[in-house]
Structure formats: C-alpha cells, structure tokens
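To start, the structure itself, in structure tokens.
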C-alpha cells in the first residue's frame, strides 16, 4: 500500500515522517503531511534559492514570511501587496480557476488587516489562433473581472503575452495591492494559550480536496478529467462580506491574529499560525460549520472551500466577534484553541483523531538542492509568421498586430478600473497604473512585468530586464520603487536545465533589486509548469510598487503636434530575443549583456523629468523596439511622428533594423518642449533628439531602412486583437 | 446644508465613492453624509438618499432583486413618496426599478460582458433637482461600468417615459454600450425627485480622475433648494 | 414538504442577450439546424406549503415586467 | 422541429452561491419554511434533430466540470 505516493510524497519523505512521529501516520495525519510537504506549501525546491533575495530596506514593514509584503507609505499607513499564481486550476477550469486565484490573493492582503485597493493580472497563453486558447482567454478574463468587479476592487493594470510554450499550460498570476494603518496590521502568529480559534466565512465543503498537491504541484496530463471534481468555486459576494467583516473586527481591536485559508485549507492556516507563534493548536472538526454533512475529518482538514478566514481571539471577546460575523451575514464558529503543547491536535467532538508536532508538519519537510545544468541549445518551438520580403513598414504593422503587443482593450475593459475613486491612470492610459493615496497625501504607481521569451534566451539577463522594466514603467509616471513582489513560474525543477533557469533567474532578480534599492517583500513560486508537450518559458513575473507625490505630474499625457521627441538612455538595440526575431522564427539562446547602473541612471533621470512636470510624455522602449514605442505613442495620442534614428545608429553602430525594432533595457522615448528635453542632456545620460510630433504619418528613418505607415493603418493593426480573441464558446453568465 | 444618507447592503461596492462625492458636493467637511446600513429604518435628519452601485447580494437571481426588500429600502420608499431626493447609481438604479420607484428594468448587456470605459452622456429634458446644475443637451463625461445596464420598458411604458420627459440622461450618439432602448442611461420618476442612472457620476468628482462632470448631479438638490433652475 | 421547480424565462419579444450569444456561437462549433435559443433561470426549492409560491415568484424570483414564470410542483 | 429544454444545475456537492444567497434572504422577506433552494439555468431551443444535443450541452450550454444537465424533449 503506497497511499503516500498517491498523495505525492516520496518514499524517503514518508520514511522521514514515520521517523519524526515514531510511528506511521494515520489517514488524517498523512493527508495533512502530504499537503504541507507539497511543493506548493513547502517550497522544497526553491526555498534555499530564495534566501539570497534582498529583503531589507528602510521602508519595509513586512517581508517574506507573512501573507503579503508591506512597505511604509508615510503618515502611519502601509501598502501591502503580493502576486500569486493560479496556473493549473485555470488550465482545468479557466473561469473559476482565475476567479478563485483573485479571491485567494485578495485574502492574503485582507489577512494583513489591509483593505485591497487594486488588482493587476499577468497572463500567458498560447497563440490566439487555436479555439482552446481563445476559450481559456475568455474564461480567465471573465473570471478575473467577475471576482474583482463584484468585490469592488479595481483591476488597474496587467499584461498578456501569447507564446506557443504556454499553449497547454497557461499562466494566471494575480497581484493585489492594499492599504492599512500600520499600527492596525496583524501578523498570522497564534499567541496566548487558551485563546480561541474562530473560523468564519463560507461553509466548509468538499471543494478542491487535495487541490494543493494534485492541482498545484503535479504536471498536467491526460488524467486531467480525474482531477476535475476538485475544481474550487468562488463566491465574491461572500468575500465582499468577509472583507468588511475583517475590517470591522480589526478596527474594534477584537483579534489577536488573522490568517486566510488558501491552499491546504485549515491544515496550512492553523499549522502556520501555530508555527509562527511557537504554540500548539487544537482543532475540533466536529465544530466546523459544514456545507455537507458526513464529511470525514481528513476532508475537513484539507478542504479548500473558498472565502474563509481563521482568527485567534481572546475568550472574553469571542461573543463580540461572532456577533460581528452575524451582522455581516457570514458563518462563524469557535473550532479550537491555542495550546502550549507544540502539537497540532485534530479532534472530532472532543475525541483525538490525529496529533502532529507543529514543527514537523510546517518546517519538517526536507529542502532540496537542485543540480543545475545549462541547456546546450534552444529547446523551444520557432514559428515563422513574417515573410522575408517584408519591408520595415510591413514589419512595423505586423509587430503592432502581434497579440503580445496589440492593444489589450478587449480584456481590460471587462475590468472595473475606477471603483474606489483612486485611479489616476488606469490600464492602457500610461506605462504604469497610478492610484491616489490621500491617506498619506501622495500617490502610488504599480506595474507588473515579465517577458518569458527573453528569460528563456537568458534567465539572468532576462530577469534583470523584467525588473528594470518595472522600474522604468514606474519612472514614466514619476514614481520611485518602494518594494518588489514576484511570482516564479517555471517547469519541473528536478530537471537540470529548469533548475539552472530558476537559479539564474533568482540571481538576476537579486542583482536588479539590489541595484534599484528595491527590496523583495513577498512573492510566490509555481513549479512543474509543463506538459507532455514541453516546459513553459521560464517566467518570473515581477510586481513593483512605487510612490509619487503629485498625481498631476504623473505623465500619461498625449503628445501634441509640434512636440520634440528624444530617445533617452543607454539602450543598445538588438534583435536577439526580440518580437521581430520571434516572427521570423529565428529565436535562439543568449541576450547581449547590459550593465544595470547606466539603466538605473536613465530611470532616475526620467523619473525626475516627469516629477518636475517638465515632461508629460514618457514611455519605455520594450517589445517591438523604438519604432513600436513611437507608433504606440502616436496611436495613444492620435498624432503622427517624423523621426530619424541616426543618433542611435551612430552611438551603437548597429544596423537600421536593429535601431527600429531591436530590444533591450534602458531606452525611453520622451516628448515635449525642445528646450526641456535639451536641458536633460549633459547629466551623464544619453539624450538624443530624434524628431518631432507631426501629421498623420508614422515616418521613422534608420539608415537604409525606413518605416512609413498611415496612423490609421497602425491604429487598425494595434486594435486587431479584439476581433481575433473572441471565443467561439463564450461562457454563459450564471 | 444638505445631509446625505448612502445605503450600504452586503455586497455594495461604490458606497464609499458615493459618500465621498456627497461630501465634496457639501464642501468637503464630511459631516454632511453618512452610510445607512440596510437594516436601518430611521432616515430622519437626512435630506437626500443615494442607493449606490455594486453587487448587492452578489447580484444573485437578478441585480437588485434581493436588496430592494431591505428595511432601509422601505424607508427610502416613504422618503421618496414624501418628495425627498433619491439617487440610484448602477446597482442602485436596478434596486429602484425592482422596487417600483422607477419605471423600467435593466437587462444583461447586449454583448453579455461587463464593460468599463469612460463615456459621454447627453442631459435629457427631465425636470429633477439632480439636474438643477445641468442644461438639457449638455454633454458630461463619466465612467460607464456594468454588466446589466440595458434599459428596457415595454412600448407603452417607454412612450410614457418619453412623453413625460422622464429621461434624465442618454448615451451620446454611438456610445450606447449595452443596447438600452432609446439610448436611455438614466430616468426619473414622474415627480422627478427620484433619479436612477447606470453610469457612475461618483467616480468623476475629483480632477485627478480626469473628469469632475459627475459633481453637478450631487450638487443639484442643494442648488434646487437654493432656488436654482429646476 | 413539497418540491417546487420554478422556470423563469425572458418575455417573448425581449432580446435575450445570452440566447443570442449561444445562437451566434453555434455555427463556429459546427452545429446546424438549431434556433430560437432562450436562456432563463430555474429555481428549485422545498416548501412546507405551495400557498405563497405565486407571491414568491411575483415578488422575488421573477420580474413580471421582463420575465414569465412557471411553477411545477411535485410532492415528495 | 423538436423543442428541447435543457436544465443546468450546479453539481451536487458544489457550492451553489446563488441558491445559498436566495435561501438566506427569504426569512427577511417574510417567507418561512422554504429550504434547499438551488438556482440553475434553463436553455430552451428548437432543433431539427436531437442527435447532437448532448454534445451541445457538453461544449457550450453547460460546464461539465461543475454543472449537471438534463435534456427534456417534446416534439412540436
């Protein structure tokens, strides 16, 4: 009998469990171990690597280890934020998978005592030319909108990339940003022997039994159907009540500590609470409010029913807590208490059905060393979609129409981006979303980035670029980074090449965050993202929160006829790993190395220019290169451009094509008053005037190459995704 | 000074936004607006009511179907019958229609999807205190955001609404986002003291959002009291 | 206890957006010869007595302005 | 032409958020003694043949992961 294998534990892990317990675990205990010792909960293959991330800084209020990270925003307030993945559940059931992903990350932020004020989403799919992909996109986008919209949390930004390696294994990462009074924030540590453990929120049903280990840690395969009954259902209405209830409980000072129930349900929440507090804990499953009678103890302990929270409460305050839950029409019950035993005891109507030392359960799982090996060659598919004869104009239109570059209006117009009355720049309006924070008389900017294709070319350089791009996006709205969160989406770490990608990527993240002085305060790891058809692109998704002081000087303005245009920064454009190279089917390993410091200097210069109000039009050069960035600004503003990239070519002696479509970190396009732009020069950062805003043509010359397209054509190409993405199987709204 | 009550149901989303808009309209002191819990029945001391947007009771069954039975809504019905100004926004509009305080109903958008975008409304001919600061034909820019915003009324009712000049707002030509009949975005009751609209004026009262066109609607009743054109 | 099943449909003549969405999806999925698709709601419940079910429908389950309803009873 | 009626309900054991919300709202509305409220969808359509209705449900009308469906036919 090898129940432990069925549950995803290795024989060695099982033996270790028996050794620690001095006996074989019974059913309940084994189920609990199998979840907390899963990759998802124990970070078996990533924890050692994560130790190297910079996590300290003067503004850090809470770092890794808490439900979410938090940074000080002044005036006694903090911004809490975290990004989390819900990849496998979304591949199985896109609508509910994405919806519950949003619900889960919201609860992590709520558990800190914060009120969520914004969501961002980072999505990866296969090319939209298959019905399955369109079906996934439709479900995921509706699911994210459904949950966030119903909760009254604005979804203000995000990104969507379409690449073949994600075809069978889409990525759904959601980032939540919340605000809290720093002195009212709670940690998830149980304390006070004799204090009561209160479970409140939705009733506990058979949702996602084993979901954490089955859905979140195993490679997807044909056996999918068998997993399907473990789909989790989200109820944003319940969570909306839960949010207000938590806010009121904390404002009344009724809680000792608070924890959300996520993956591994009660087992993980109660276990982590006891572990963090160095206490023991008793949970009586007979006291848990159930949606279905006759649930077994192990089912109750591992159920992933959504919209539930766990609190530690002093006995004298229990009645008030239960009363507030009743006011908010949410179920609640005392289901156990904090002990000094150091044990996690499971009882059923007072009778013990399982006992595990908290330490063994939460910290006992072995952490593995990886044995990394650099892949010898490019292992990902290449597809040629652009004909060789295509001239620069055709190439630009083809880039603007590329699903990963084209406008994502179709998606973000399905998200409420204005509820909360904080939104200064919503999705599509500027390089980063900007939210007003009157509580501390300033604003914050949030961005999320991660180009898996470039990380696949070079995990170290690619991850540095993703991090720098976040900071660059923030700079374009005048914001300075305060903290970073991240979600590491990778394949099977037991494979040497994946292990190498993971290690190099985390090294790149550390290097970039150190250089930027932006500590990593939280994140999430999603491994085993591969299917029989191969691994995904290694995809670290970086989320960044920054601050600015005058919303009115936060960029995002359209450029005006007559504005001068400058290219700013050390960008050395190269086609390696670029969108154009992808369309030519010529992707391969390697990216040109680029020093971080000069990029940081350019970021600082741009931030200053925007903050001062001197420059209102700034964007960073990213997918599709300089020509694409210019075209996007022209489209956004409704006025054309006439530019010559000779200065870029002279500086880096690159080809005209490199200058037009090459990619790399450290490039910005700024537009505005000519003198203002000239004043930016002579500060150690390259600033080159390349042209002016003019007419209804996009006209960009680069040595022998030149782009000349009508603004209207460019607009049409850029808007072409909307029509291509509509699914043939639109989900019915319930 | 006009004192506002903003209803709060389980699942309301925009109640704080509405509260904020009322406070700004009242000069920003904050004293002139408070939340009204859905179980409250005593509206004394309140001069105006906002039934805010959101997803009361999750919009389950039908948007507004459950919320309209709340004790507070009974009190609002009396308040409205006595001529008190009542503003329903989005879900609040749906609640007011469900409870019969406003004519018509709101159906799932023609495109079935939730949509959120900035758009333009044209002020109608309705005679309502909420329109005291706006001219018929004037255009205002405020956010459209809803999934069930398609205004519907049977032909004879629709004729009545038009004949009595009960149309407060229409979507600007070409901007109807949901298939509403006659581009109707907002209507009043016959007396004009109750106004419901799908778009969100409460999200357009501060300059940083890009438009302050929504403020006039919240300032209207005070203006009307002060004898402004109404 | 009796079990009741309430069928709620959009009134004839009212555009049924969801029904339309289904119809327009059919060809792409290779379904032919299917028409007049209407999407409604079904509410199933157990009641001590059938007396007030009509009222329940009129007041809560259906909106008579836009929806027709039909009550099917079956004693259990 | 045959008319088909498809009843789509949340699978047993799966959270029925709507049913739960309606049921808990009833007492406040003055409706006592009503239980086990479940809310689902009903799709009515006319089809030339019943052959591919199963497939239609699986693919489009229902979400087999979380919903059960039931097809009722009546020739017209």
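Chains: A, B, C and D, in written order; residue numbering restarts at 1 for each.
The rule is short, and it goes like this: a residue touches a chain if its C-beta (ideal position, glycine included) is under 8 Å from a C-beta of that chain, and two chains touch if they have at least 3 such contacts.
Computed from a predicted structure; not experimentally measured.
Between B-D and A-C, more contacting C-beta pairs join the chains of B-D.
The centroid of the Cα atoms in subunit C and the matching centroid in subunit D are 9 Å apart. The geometric centre of subunit B is 33 Å away from that of subunit D, both derived from CA atoms. For the pair subunit A and subunit C, the distance between mean C-alpha positions equals 40 Å. One simple way to say how far apart two chains are is to compare their mean CA positions; for subunit B and subunit C this gives 29 Å.
Subunit B has residues 57-58, 60-61, 66, 69, 108, 112 in contact with two or more other chains.
Residues of subunit A found to touch two or more other chains are 235, 237, 329, 729-730, 732-733. In subunit C, the residues that reach two or more other chains under the touch definition are 18, 21-22, 25, 29, 39, 41, 43, 59-60. Contact topology of the protein chains: fully connected, every pair of chains touching. Considering their complex, residues 7-9, 19, 22-23, 29, 31-49, 52, 56, 59-61 of subunit D touch subunit C. Residue ranges on subunit C touching subunit A, taken from their complex, read 18, 21-22, 25, 28-29, 39. Listing the residues of subunit A that touch subunit D in their complex gives 92-93, 95-96, 202, 205-207, 228-229, 231, 233, 235, 237-238, 291-292, 305-306, 329, 729, 731-732, 734. Against subunit A, the residues of subunit B that register as touching in their complex are 10-14, 16-17, 20-21, 54-55, 57-60, 108, 112-117, 143, 145, 147, 200, 202-203, 205-209. Residue ranges of subunit C in contact with subunit B, taken from their complex: 10, 14-15, 17-18, 20-21, 41, 43, 59-61, 63, 65-66.
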